[in-house]
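Heads up, the next two complexes both have chain A, just with different partners, chain B and then chain C.
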Partner chain A sequence: MTHPLLSVDNLNAYYGKAHILQDVSFNVNELERVAILGRNGMGKSTLLKSILGLEKIRREGDIQFDGQRTTANETFQTANLGIAYVPQGWQLFPSLSVDEHLEMAYTPSSGEFEWTPDSVYELFPEIEARRKVGGTKLSGGEQQMLAIGRALVRNPRLILMDEPSEGISTFVIERVVEVCQQMAERNISLLLVEQNLDLALRAAQKVYILVNGRMVYETTAEDFKADKESQNHYLGV
Partner chain B sequence: MNQAVKWVFYLIVLLFLAAIPFLMSDFFTTMTTRVMYFSLMAISFAFLAGQVGLISLAVPAFLGVAGYTIAILETREILFFPYSAIAALGMVLVAAAIFGIFVNRSQGIYFLMLTLILGQIVWAVALQWASVTNGSNGLIGITRPEVMQFTVAGQEVGFYYILLLTVLLVTFGVLALTRSSFGMKLKGIRESESRMIMLGYPVMRMKWIAFMISAFIAGLSGIFLVYYIGVMHPSAIDLDSAAMVLIAVIFGGIYSIVGAIIGMGIVQTFEIFLSAFTSRYMIIIALMFLFVVMYAPKGIMGSIYKIKFMDALYQKWYTGRKKR
Partner chain C sequence: MLITIVNGLTMASLLFIIAVGLNLSFALLRVANLAHGAFYLFGGYVGLSTMNYTDSWILAILVGGLVTGVLAFLLEFFLLRKVRGDNLRETLVTLSVAFILADLMIVIWGGNPRSIAYPEMLQGPVHLGGIVVPKLSVFIFIFAVVIGVLLWLLLNKTKIGMVIRAGVDDFEMVSALGTNIRFVFTAMFVVAGFLAGIVGVIGGSHLMMSPGDDWRILTYALLIIILGGMGSFGGSVIAALIMGFIYSFGSLYFPEFQLFLMFAPVALVLIFRPKGLFGRGLA
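What follows is the complex of A and B.
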């Protein structure tokens, strides 16, 4: 039986009385890279947080990871199924060094390819030079690299990335795009939420548009790139 | 400090500690012994406070659970060493597992208050449940196990050496733990519980395990205490002893395990020496405490690092001047 790696079916999410996500449905297939685009305040971050069961978000609907329902899970149980999270603002720890961040998160994997702290340093030599530096003392770009590295060494099957373009230079955006494009080679799928159209269209294969908590449009990255009219209509670019 | 110099330093300290029963007076040996078993309590406290960010005033309660378990079992001739000690540690773990469920969901000042209450409950039980604990008279006549009484060159050093070995093992064990992946996760919890939850870690379970590790170490302290003084009395686990641990660890530096041991050494030494001159010795300790909190909030170990840092700054300034 083939089922999508992550399937979200008729998800409704509420912060208190505020109804944020309304009947959201979408899939991420194995080794697929999916971007969810939308302007500020459309519910993109809430969507990722609902998948992980974070904060006091009330959820209705069905979320399945690899065929298993996760809606009754604690966050760590969902994460242990093989989901790693690169949160907005990176959420690093001031008193842990770069080394310690990676060592803390490192989860050995039995798969054919394993991410280790060393292979992260190979990918991001910039942060290798700053191994002993406290996580929050890094530059924005370096913090982004560390946050991605920290997700990789958990050897997940799916990475959730929340606005990786925020607060980093165009150079680092290039690096992030490259890493995203390579993920399938390493058996990792990607779900990205982003405002930055350029980054999202290059990092992902499939695109969903979220407007006011509803999924209004679904297309491939290639088609959307060509479709200036839809871009303007949904995102106002 | 250079790595090799550091190890040589540790070795010298260790040799000195091992030689104390032969070189020093009985009084000094007794004092060192006392410092060592209270050090275990300080390590227990410093591990939770420094590494996980949880200030637990229930540390003496676990000393009490262990001490009373042994005292009750042995005075009633139910079990003897080593089974009584194993039972004591088992009781400590059970108690910590149950207490842990209650206190784990809280942080900061609420954790402190809850552990204070738990500590007081254990103390009150020890005081009031006279049919089992013998109340304020305490349980007396617990004898030191034979294995702890061996002699070297005519000097009875068994208890001292076993205690020294235990303190060493616990210290290195805790240091290794703080440097492990689990230790780093605990530090992550110290900095931000919500961030660790967000990253997908079972924060509650980890805090619970840390709480039990800390209790286990305090339990070891209780075992040595009861075998050393042969008495288990409620005053060993009252609020004063919680305050004593707190003061010692703040003296030494809350983020340092070695600092906790040094802090306990200082507090115990001052208590003994000052009490020979005045019964108001607590005033002097309190003034010192005030000084430490105001001028060296990271304690003695923190100040050592600060000195090193100043040294580095000076070097930088000096080489800068030379270039000009």
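What follows is the complex of A and C.
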């Protein structure tokens, strides 16, 4: 492994004239689980959207996935390199049933482990019982499961996950943490952005802190867990 | 009375095919294609010329549809893509194309009303359980049902259909799932143009064609979309039926109020159900 799976180098991102991300650099290595922590409005969601080239975000700087520059790509091209996205608020399709979400997103893989709609139902039996129901008619927790399942059946190499703790019960949070922890066994890397310190520290191995659009701190989840002073300093917890 | 119902159904059939194409491309691309009526008339005129050269009605329908489909492709690929996301400009581009086409059609085909000859096989009446119905009306109705069923199957039973429905909901998320949504946009726009073109030929056989029909048909199609709801397939069916019947009964019993009668339900829907009878509205 000569290069990281995802490398973001001096990324600047703008919404219109607002300069949201400022010289952000970080890496996600193969099979690594990385969390980016930060309070609300620090640019966490913008960071994930910039990686995929979503919305009208203007980007400067370099983003490489598996050694390929992606900044000139269209969103679908970047996604097809092997990046799946679990957005904040899930962004499920009201017109599609649970089944159809998985069927539409399903991308067969020749890899050792293949996620199929059936294996997602095995992982989340709760949504199997609601296969024919419209995606947005599910409960918050079920929608989170479906959004994660939709990302898994893409059989990606990297999953971008935006605030999975939002709008779901502690029980579902536990399920999400479990799934995140098992991702490496399935050859998937994870980039998570979160405000929920507990979830992030258990789901990830490496931690970055984003404050006002700048990466201000980098550490391991283990060290950060013990470092109450930094937690308080950067996140005010 | 019965023949008025038949006329209403025939008009509804034509309007349905025009409106459902416009509705789906509107919902997906978020652009109200104001050149859609011009596409209808253009398809009709192309069909007329094809008929004059080849004397084949089937060929006239196909060529009218295909040429209009190509025109839709040019509009989407070379003009709309340049202004994607800027609603005002997108709409103005389609409006400009509508005006240019309208004048171009007068230059090429003149201003006199024309109509397309159709095969003898479809001329004359047919007896259906005691009612005498023009054969062409039966053909138009069956044609609309076939197109409707095919579109419904495409939308609800295929992966492409899932992508289209999902794209109507949230096209950015669809592209984040690795689908080239721009290609889907173009394809949908071309299909809508193709449908408008073939209905232009069939409508030009059933009705007359003359300058101004483009705006009239566009208005009806937009009324159907507002009434039925943006992006709603079922809404397009119901609204086309309502408009078809108002059109036929209105022109028979209250010709001076026909337009009022067509706009009235739309005004009511806008007041009491702004998303349309079956619409979900924009996310």
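Just so we're on the same page, the second predicted complex is superposed on the first by the 236 of 237 C-alpha atoms of A that agree within 3 Å, B and C clash if a C-alpha of one lies under 4 Å from a C-alpha of the other, contacts with A are read in each partner's own complex, and residues count from 1 in each chain.
Basically, a residue touches a chain if its C-beta (ideal position, glycine included) is under 8 Å from a C-beta of that chain, and two chains touch if they have at least 3 such contacts.
As the structure is a computational prediction, the values presented were derived from the model and not from experiment.
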{"item": "Superposition on chain A - do chain B and chain C clash or fit", "value": "clash"}
{"item": "Partner chain(s) touched by A:Leu96 [first = chain B, second = chain C, both, neither]", "value": "both"}
{"item": "First, second, both or neither for A:Lys56, with chain B first and chain C second", "value": "second"}
{"item": "Chain B versus chain C as contact partner of A:Ala105, first or second or both or neither", "value": "both"}
{"item": "Touching partner for A:Phe76 - first (chain B), second (chain C), both, neither", "value": "both"}
{"item": "Which superposed partner A:Pro117 touches (first chain B, second chain C, both, neither)", "value": "neither"}
{"item": "First (chain B), second (chain C), both or neither touched by A:Pro87", "value": "both"}
{"item": "Steric overlap of chain B with chain C in the superposed model, located at which of 6-14, 60-68, 150-158 or 312-320", "value": "60-68"}
{"item": "Residues on chain A lying within both footprints (that of chain B and that of chain C)", "value": "52, 54, 74-76, 79-80, 84-85, 87, 91, 93-96, 100, 103-105, 150, 154"}
{"item": "Contact set on chain A toward chain C in their complex", "value": "52, 54-56, 74-76, 79-80, 84-85, 87, 91, 93-96, 100, 103-105, 107, 150, 154"}
{"item": "Touch list for chain C against partner chain A, complex", "value": "85, 159, 162-163, 165-166, 168-170, 172-173, 175-182, 280, 283"}
{"item": "Residues of chain A that touch chain B when the two form their complex", "value": "52, 54, 74-76, 78-80, 83-85, 87, 91, 93-96, 100-101, 103-106, 150, 154"}
{"item": "Residue ranges of chain B in contact with chain A within the complex", "value": "181, 184-185, 187-188, 190-192, 195, 197-203"}
